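There are two complexes below, and they share chain A, which is joined by chain B in the first and by chain C in the second.
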Partner chain A sequence: MSLFAVEDLALHFGGIRAVDGISFDVRDGEVFAIIGPNGAGKTTIFNLISRLYQPTSGRLIFRGQDITRRPPHVVASLGIARTFQNIELFANATLLQNLLIGRHSHVSASILSQILYTPAVRRAEIAHRGRAEEVIAFLGLERHRDRLIADLPYGIRKVVEIGRALCIDPRLLLLDEPSSGLNVEETQEIAAWIDEIRGTLGVTVIMVEHDMSLVSAVSDRVMALNYGRILALGTAAEVQRDPEVVRAYLGG
Partner chain B sequence: MLETARVIQIILNGTAVGCIYGLVALGFVLIYKTTETVNFAQGDLMMLGGFLAFTLIAKVGLDYWLGFLLTIVFMAAFGYLLDALVLRRVIGQPQFAVFMLTLGLGFIFRAAAGIVWGYDAVSFPTPFTGRVLDFGGIVVSANNLSILVGTVGLCAVLYLFFSRTRLGVAMQASSQNQLAAYYMGIPVRTVFSLTWAISAAVAAAAGVLLAPVALVDVNMGFLGFKAFAAAVLGGFGSIPGALIGGVVVGIVEQVAGYSLPAGFRDVTANAVLLGVLVLRPQGILSQTMRKKV
Partner chain C sequence: MRPIRTSYAQDLTLLPTTGSRVRVALVTGVALAIPAFAGEFYLGELAAVFIFAIAGVGMMLLSGYTGLVSLGQAAFLGIGAYTNAVLLARGVPLILSLPSGAMLAGLAGVAIGIPTLRMSGLYLAIATLAFGSIVGTIFQKWEGVTGGFGGFPVVSPTLGPLILDSPRGLYFLSLAMLGLVLLVAANILRSPLGRSLVAIHGSEISAQSMGVNLAVTKTLSFAISAAITGLAGGLFAHYVHFLAPDSFDLVLSIQFVTMIVVGGLGSLSGAIYGAIFIRLLPQGIALLRDDLPLGIGHMPGLEPSLFGLILVLFIIFEPQGVAGRLSKIAHYWSAFPLHRRATFQRQKSYTRSERVR
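The block that comes next holds the complex of A and B.
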């Protein structure tokens, strides 16, 4: 069953076709990886899906709903969360506060009742805090809970960003190069989290990734791109064997 | 004993004026923290608030409190629209364009106020006018006291707003990382406009509180320069810093007015600013102390 569908998506910058008529489906509960050499249009597709860029043409369908014209902040409340290649956290806030901001789209009380801190607001706050604590426990971040993001090492921040995305309670999680800047051990750790997120939480994942070891380890299906077009789509092994893909990576 | 009484008197008067500087400085800081632009028309928003209250209270004849409330509501709406219709168009332009735009807005506001309300100083009756409280030799006018109480009350409301409400937290989040805020489901543009609304409302409140003490006139907004000094003094980005900065400038000014030859009073704000920039360029409250969410 398809959770998310991209139909004939295109983005042209003047004469350059960064994304040139791409269609694919992402099934509920799968890990879908997008690979390709530099400049293939991976990140552009990612920014189109997460609604940072406006496509020239094509449609994005999430759970049967057309989200092609929805702004990014609405997409979050529909159940799509994302991380960033270069980590975009609230650096002057603690880890816990960052996760709590992830609960933003689930808060619905009026301003007045929030200022007065009514019992209903209090119960809701406790529930949000509880959800954040669950994510902290899930990712094993307990000992960093009250530290400022600015004081945490890069590898931990990468995990925190995934945690904040999970606090949104997403159906679809978009990971932009989850292994970038990480060493081999940290990358293996990320692979384990992605497995857990899909397996335990049942969240569908779309990720852009360079590291083929990570892609092979976690993906159900892989889509290889070059020059804004699909070269191959299949399992990691199939795609890696594809002659077009080999040519795109190695030249010739 | 007379001397002590006089010193307390000067400090109290300075604190009252300083609260006004602090409120205008607070408007500077709110807009700067959230949208990373400096609104040089902040003082003029205060002036518009003062005139609007004059119209509502003295001309229309509304009750002081109702007029005060309506002024704040109208000015908040004005601030919101100002951002949504004007400022939003220069997002992404060089800082200098934004700077020139807000400076230009200030000129337009002053000219428009001159056309609508004329160039004479005006005032309106308040429940405090002419009343004086005597605390054992220390005389406090009810007007000054209303400024102090008004500022404290306003700050308490703002504090609760920023620490407890979803919108207040969204504003803090947007000020730290706009991109991330977007993906947490925060409508960043609307948050920007609401920040302008709050800043304009705070400026209007300052205008209404100041009106009975200093009268409302077209050039009232130039007080914004002293408030700017106060904001820099407080570290430009710190809300408590802006208020403390305002009170410091207000007190220094009163002391200078009392003990230095005439004319020195109006340069003291900038003298303090220069001194702070030389000795402690990061402001009174440093970054680590103030960036707490």
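The block that comes next holds the complex of A and C.
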């Protein structure tokens, strides 16, 4: 069953066709990878899905709803979470505070009740804290809980960003290059997390990734892009054999 | 030391450690005891410290936490001051006129917040600077209400048994208001709203993807900051007794910036340290004036240049201000003798390229 579908999506910056008429759908519970050379339009697709960019044409359908015109801050409350290629954590806040921000789309208290800090706000805060602690336990981040993000090594920050996205309780998780800047062991760890996120939490994952070992290890289907168009779509092995894909990467 | 945690609720208490409770109790006790032996002049000056601390808390929420620069805080102070004074002169009781000033300043905050939503840094500084200058011009030209350059005398009101004619009354009123504002600010900071302010400071793009409505939250930050500053303005009117349009100019706005930077960006106690600094430095200069050699003490512009010099020195040597320095000293002694020099050093991060704007 299709959880999320992209229909004929396009984004043009003047004459540049960053995304040029792309359609695909993502099934409930699968790991869907997007690969392609630099500038192929992978991150642009993520920014279109998170509604940071307005598409020139095309539609985005999430769980049967057209989300093409929804403002970006609403996307999280629909159940779509994301991470960023260059880690966009709140560096001067603690790990715990970062995770609690992930709970923001579940906050319902009015501003006045927050200023007065009513018992209802306090109860809700304790519940959010409980959820954040579950994510901390899931990702094994207990010993870093109260440390500032600025003090944490890069590899841990990558995991924290995934944790913050999980605090949204998403149905769909967008991972933008989860392995970039990580060594081999850390990349294997990320692969294990992705498996668990899909298997244990039942979250559907779309990821942009360059590391083919990670892509082959975790993804059900792979979509290869170049110049904003789809080159191939299929299993990792199929896509890697595709002559168009080989040409895009190796030239010739 | 932080006590061992046994419940999530523990992290939500405002004063989690015995040390912090004792400190707050001591400071409150001293503040309540001072009027018993201090003279009227000193009480008035201390009231001014409290008033500036209130304005500092307002600016801290906006600049220290949300990361939005403002060079127009003096305008909010002025709006609060004039509204309070004008309403009092027309017979409105203080209990209504003071909140009205805060509210009108808050609305002015919305008025500057909405058009500047997409601005940050230098551009926002220029926009708020322009806003301050427009409001200043209104104070000058709207003679029917503000009295223009002729100034506006502030009526001394009564609040129950307190007569605000005396510095003593103003001292207690300002102290109570400072306590209230600190409580409000602390509540905001421990609630989801406070987290979203800090998130906007950290990264607007990811705050948005976490579900933070940027437009609403930034405007709200301006409104709350302006309202708190407007409240300080209402009290300030009773401190100066006579409102002149040029007392709410750029120099005052820059003093506010100096106040929160010297006090320590991103901490509420920093607003108080900054207020003490900014109010006591001129007094210190006045005391030393005649003893300084070669007429330095009587040079024009001595005070602003000293403010500027100290601001620059803080930015270079202690960007986290007095509050940051104090927390480092506290850490030094709590870790003694195992303190490491690099404890507070941060690794430089070069990964933030290709950011979505």
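Here, the second predicted complex is superposed on the first by the 252 of 252 C-alpha atoms of A that agree within 3 Å, B and C clash if a C-alpha of one lies under 4 Å from a C-alpha of the other, contacts with A are read in each partner's own complex, and residues count from 1 in each chain.
The definition used in the following text is that contacts are C-beta pairs under 8 Å (C-beta built on N, C-alpha and C of every residue); 3 or more make two chains touch, one makes a residue touch a chain.
On a predicted model such as this, the values are computed, not experimentally measured, just so you know.
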Combined model on chain A: chain C and chain B, fit or clash: clash
Chain B versus chain C as contact partner of A:Thr200, first or second or both or neither: neither
Which of chain B and chain C A:Gln97 touches, first, second, both or neither: both
Winner by number of chain A residues touched, once chain B and chain C are compared: C
Partner chain in contact with A:Leu89 - chain B first, chain C second, else both or neither: both
First (chain B), second (chain C), both or neither touched by A:Gly181: second
Partner chain in contact with A:Ser105 - chain B first, chain C second, else both or neither: both
Which superposed partner A:Gly130 touches (first chain B, second chain C, both, neither): second
Chain B versus chain C as contact partner of A:Ser77, first or second or both or neither: both
First (chain B), second (chain C), both or neither touched by A:Asn38: neither
Which superposed partner A:Ser50 touches (first chain B, second chain C, both, neither): both
Touching both chain C and chain B, counted on chain A across the two superposed complexes: 50, 71-77, 81-82, 84, 88-93, 97, 101-102, 104-105, 107, 109, 111, 114-115, 117, 164, 168
Contact set on chain B toward chain A in their complex: 157, 160-161, 164-167, 169-170, 173, 176-177, 179-188, 291-293
Chain A residues within the chain C interface of the complex: 47, 50, 52, 71-77, 81-82, 84-93, 97, 100-105, 107, 109, 111, 114-117, 121-122, 125-126, 129-130, 133, 150-151, 154, 164, 168, 181
Chain A contact footprint on chain C (complex, rising order): 8-9, 11-12, 184, 187-188, 190-193, 195-196, 198-199, 201-203, 205-214, 220, 266, 346-347, 349, 351-356
For the chain A and chain B complex, residues of the former touching the latter: 50, 71-77, 81-82, 84, 88-94, 97, 101-102, 104-105, 107, 109, 111, 114-115, 117, 164-165, 168
